[in-house]
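Presented below are the structures under discussion, each in the form of structure tokens.
In the two complexes below, chain A is the common chain; its partner is chain B in one and chain C in the other.
Up next is the complex of A and B:
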């Protein structure tokens, strides 16, 4: 590497681009060190909050600023408005999961500090994934996200289900990481570089994609990303892992991991040959069908949301298929996926958060049976959960509706009208199980073994988080201008 | 091109020769007094008998993880040490030094954490 390249590695632009990552990294270390001293719970919580706020503020600054750092670090990392928007989404997702986890571990809070450090580290990994323009940089981000999540999934180590979730997630995640590395190696063997910008130049792109070896490599990369976004046929781990993990962690997995993997998939879009659009659309539709049909028969709401998450990943993948087929609108798929995932983070994050609250207060409240009569017992929580269900179903006036509309329009613009029609019909099927939750809460009398009304007040952090989720979902549905202008 | 691999070949020959020579020489010169213990397969001083599925103390795992942590540290330090001169000639010496110090600093925080949490105590 020559001297001039070395100098650009340490440019001001590079520091500006990495500032949100530095904030998260330094914050995570500070929280870790704070755990060694007899500091109060409040002081440590303030530290976590400051870290997340600093990262969010730096990203918002990039979003509103006149210029962005752009490509830095020898073209391996990009910091533009899209990355900044993803960064904001990630900090919101991690912030929500963190707020909901505040009183979740009350019975055994001995490792709360480590829990927070792991959550901050996973946020760092997500941001690295979203900005990566190089396969190795992405891989570091992926591991920085995944390894904390393996530990977090098994965080209730006294419960067999939690340990099982952690082990399953770890083993399958390790396989997916292996696929990713093998795919990267094959692409490197053909192209001689790991940077994604070789695919930006049409001539070199065509040349690389001619080689069967590179195609196998691209297929392996896509497969490992499909694992992370839980798309058919790599979705089988989702229900078990989501059910067994501590509920706030499930919320983080459902929202943050998925958003980060989609962010990179959109960065790497050019690596996919345009002939794959049909198979991508078919995979997307199968994913939606399997997710929705699986969710229909679930009695446990946590499992139901896991299947619904699979279906939602299918929807976004349909938009990506549209972009691969040649969406005439520049960056339309990126905008649609950003908006969809932003709405999904607020909605699913909130839904899992409310479930976490209920689970803390009673025995197995996450079954449909346990939700019966919740509207009378706890009207505010039930109202929040209703808003989330409506948004997940894609009812107008919620963020979920607009997200779906934007994603399906990408597919329509790319002239994939039959796929879009099937996708919309499958979304109607989804309405069935979302409405079942609402009916159980408001229209059904509590059964004999339903839990009694809890007298515990909802803790302040969780109240704030649920209110923020409801507000975000409604604002994104009714007044989405700000989001759309900044994407 | 192939000649550049000659040192590796010589190195391999020396290594294999050293091991074989040790075995041969000790067989020729050593006294042979066979006992039951000596005829057992060598297993780092542990009795190679019974089920392999014995319970091991979780401490072994912790030690292994800590070893890897500081092992990786050296993997990063060696390339920096090797290229330190070239880096300072390119005018980025101080900043790369700051970066490697940051890296060691992060690991030091990890060590402090392990120490303080009692990870280094064998008997607990």
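Up next is the complex of A and C:
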């Protein structure tokens, strides 16, 4: 490789584009090394916090800056305002999971350092996924995200459920990764390249998609992404894994991972022929129906949120279907999905966080029975959970409402009216189970086997994180201008 | 188009109650923490009604200022516009693909509704400060009540449909909170849930309707939509497909109105909503929230007017609801249930009027109904208060001696509701029926049902008066000592009584040779819709002779049936028992609102339960688990099983994934 190639590869723009990733990578290594030294808990926590803040600041700088690096590294990675916004969302998601994980573990607390390294590494993977314009780069990001998550899911290694969740996630995740590689290989066989920009030109795109082999390849790629975002029929693992994993990790899976997979799926939209929109819409509706009906019968709130997460993935997929049906560049599907996921990260991240806090008080707390009378025992926590439930249900003045509104209007603009009507009706069903949580907390007296009033104070990091989530949900609902202006 | 946005003060109209709500909420939290230390502590909850009433008075003053400002303008220019809160802008700011500016617009329609909401609302707030005294959630109650007023004002002042929807959901949420206010009793919590979920069915229709409008017009601003209905969307300028889409949007929006305004088939939540405290029933479930549907139809009048089929449907649904509500009220024993079904019935009248294109008349009835129904509810609350929470009229009687002020004001409300001549309800109901008569065709049938319902209204109203205030005293004198309510409760009753009696001057019929003040006031708002209606099927005005006949008929029906109702029950509730013995089927059918609720139980709830059962036990446990397990055993033979796995389902999950990818691949290759 000669010097001029190296020069174009490692240009200033490339460094600028990769700066947030460098920050995360260096930070993760620093935290790992710091574990070797007898540093205090606080010092290590500061290191993690600094890493996340640095990554967030670099992304925000890109959002606010005059110019963006754009395509770098020979067209395999892109850094623009959209990826920077995704980067902010990822750091928020990981930051929330990390804050809620403080004081969560008891017997495994001695490994908190490794835990934090794994979380930072997964953030790095997410950013790589969001910016990838090349299938191999994306695959590296996917694995960089997934492998830490497998370990995190099994982090409570003395608990059978946690280990089972980790193993299940690993085996099925490896299976899905196989799909991805096989699909990439098929696309490479037809097109001779792994870069996504071959799909940008309509002529070359049409030529590639003429071949059934390429279509199968695209379908395989889509399937592996559907696994990550938990869309029918790739969603079956979700309830088991979500329930078994440590709750902060579940929050990370539900928010950050999903957001990263959506980020790439929106990029890969170009590769989806518009004839697939009907099938995508049908899959989206089936996903919404299964998620909502599944959530209706759950007694455990953590499992209920797992099913509700499936339904939410269906909603975003419906918006994507709308974008595929129309011209993907126009119509705002990217903004709608971005905003929806940003709101969902704050909402679901906060909800799982609150559950993580309650869980420490005893295992039964995350059932509906255990939540009874929470409004009296812990009014602020119950109020925060109420805000999250209202946002998940899509009640106005919350970010969840606006996201839903935008996604459904994308679908309506694409003339998918029956699908939008069914989607809106299904989201009415969803109100049933969100409302049950609110009713249990505020309108029902504690049952005989509900936990007694806890005297344990909530740790500062968790308090900050839940307050931040409430603030984010409300700000995104009431004054979403900043987010929308910077997408 | 809208005038320049120079009236920022409009924002203070909804903001004052919002601030009041926040302060009352803070007081409630403070009271709660004080009570943790000392269970008897009252804290500062006593301040809450002062704050809430002050906020209401401020909002009322601003609404009056707005009204006076509007009056000073030329009729065609009566629009005040606030600067926009640029809520959502997506895409390039110069050419956003989607943007919503929330702005408040005061025009004759929103000004009228605003005055009713703040005026009647203030009276009810004052009344509630006496009614709710001593309740553990005193401050919380006012926090909710003020929050409701905020949402209701947003609903009528917003120019964007999305802003309306925010208010629409907000009032639904507050209604839910207030119906379930005494949730410890159990059934209010269930009633609240029923109200919320039924309303959400309507809300889904509202959303779909708004999406359709957004797609048609590219905007959600209602003033712009109305303006464009008169320009590039004129009926002769659009093709059948667009007409169909407009009708569809109108239909869905009307579905939303059916939920919020308790029309067939979504009305069953309103009678249950009486589980809330009585001031809530008066404010939310009689005077304001339930009239949002009427407001929306009047606001978007050209949209509805351009689809005659939808207009006929609105009238039909309205008159059917009026009949069902009115006939059910005939046999209720619970005083609040009589008023609740009566409200359902009167709302039906308003929709009957809307469907004939009598937008002004519907708003007129909305206003007078707000006066007299709020009065009747508050009067009933005063009775319930004085009778130690007794609501069964069979256990009342003879209260006129014990509660003279409540009695006198209740009479005024009853006279107005039953449409006795020259009362406010007489004029507004007559105007709607006259319009119905004048529309001809199927509307003649609607008119007959309307007159029949008017007879029922007079009958059940005076039955209620007789059972409550006349006849022998049927309560247990040892335990119940009826007493007049304090002045803080009776003074609002007197104000409302005066309004109920004199409210008719807002809209005197043409035969009186006086100006119809309300119709003239609303003319600029309803002109586009009226123009479309005249274009579609021109109508002659009713001749004075016909109008005199109709007025006379209305007066005669009201007087005759009021008399019959009163005479039948003046001696006590025996006739009720006689009906129960003589025609138990009829009594049960009417008492149960034509068994519609139980029909829902059979047709909707039971299948849902069965469906849920099927999903839970058959689909989930047999089919899904069976598929999973079956696929699992299939996969067992195909692949090596991961040994030592806690669950055997993993291979089945993988099989589903592989199968899914295969199906998607094949699907895409063929499509």
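In the analysis below, the second predicted complex is superposed on the first by the 474 of 487 C-alpha atoms of A that agree within 3 Å, B and C clash if a C-alpha of one lies under 4 Å from a C-alpha of the other, contacts with A are read in each partner's own complex, and residues count from 1 in each chain.
Simple rule for what comes next: a residue touches a chain if its C-beta (ideal position, glycine included) is under 8 Å from a C-beta of that chain, and two chains touch if they have at least 3 such contacts.
Owing to the predicted nature of the structure, the values given are computational and were not obtained by experimental measurement.
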item	value
Comparing the two partners chain B and chain C, which touches a greater set of residues in chain A	C
Partner chain(s) touched by A:418 [first = chain B, second = chain C, both, neither]	neither
Touched partner set for A:240, first chain B, second chain C, both or neither	second
Touching partner for A:29 - first (chain B), second (chain C), both, neither	first
Touched partner set for A:396, first chain B, second chain C, both or neither	second
Which of chain B and chain C A:326 touches, first, second, both or neither	neither
Contacts of A:65 with chain B and chain C, given as first, second, both or neither	neither
Chain B versus chain C as contact partner of A:7, first or second or both or neither	first
Touched partner set for A:227, first chain B, second chain C, both or neither	second
Footprint overlap on chain A, comparing chain B with chain C	none
Residue ranges of chain A in contact with chain B within the complex	2-3, 6-7, 9-10, 29, 32-33, 35-36
Complex interface listing, chain B residues touching chain A	87, 89-92, 95, 106, 109, 112-113, 116-117
List of chain C residues in touch with chain A within their complex	29, 32, 86-91, 93, 97-98, 162, 165-166, 169-170, 173, 180, 183-184, 189, 193, 196-197, 200-201, 203-204, 207-208, 211-212, 214-215, 612, 615-616, 620, 628, 642, 645-647, 649-650, 652-654, 656-661, 664-665, 667-669, 671
List of chain A residues in touch with chain C within their complex	160, 164, 167-168, 171-172, 175-176, 179, 212, 215-216, 218-220, 222-223, 226-227, 232-234, 236-237, 240, 273, 275-276, 278-279, 283, 293, 296-297, 330-332, 335-336, 379, 395-397, 402, 405-406, 408-409, 412-413, 417, 420-421, 424-425, 427-428, 431-432, 435, 439, 442-443, 445, 478-481, 484-485, 487
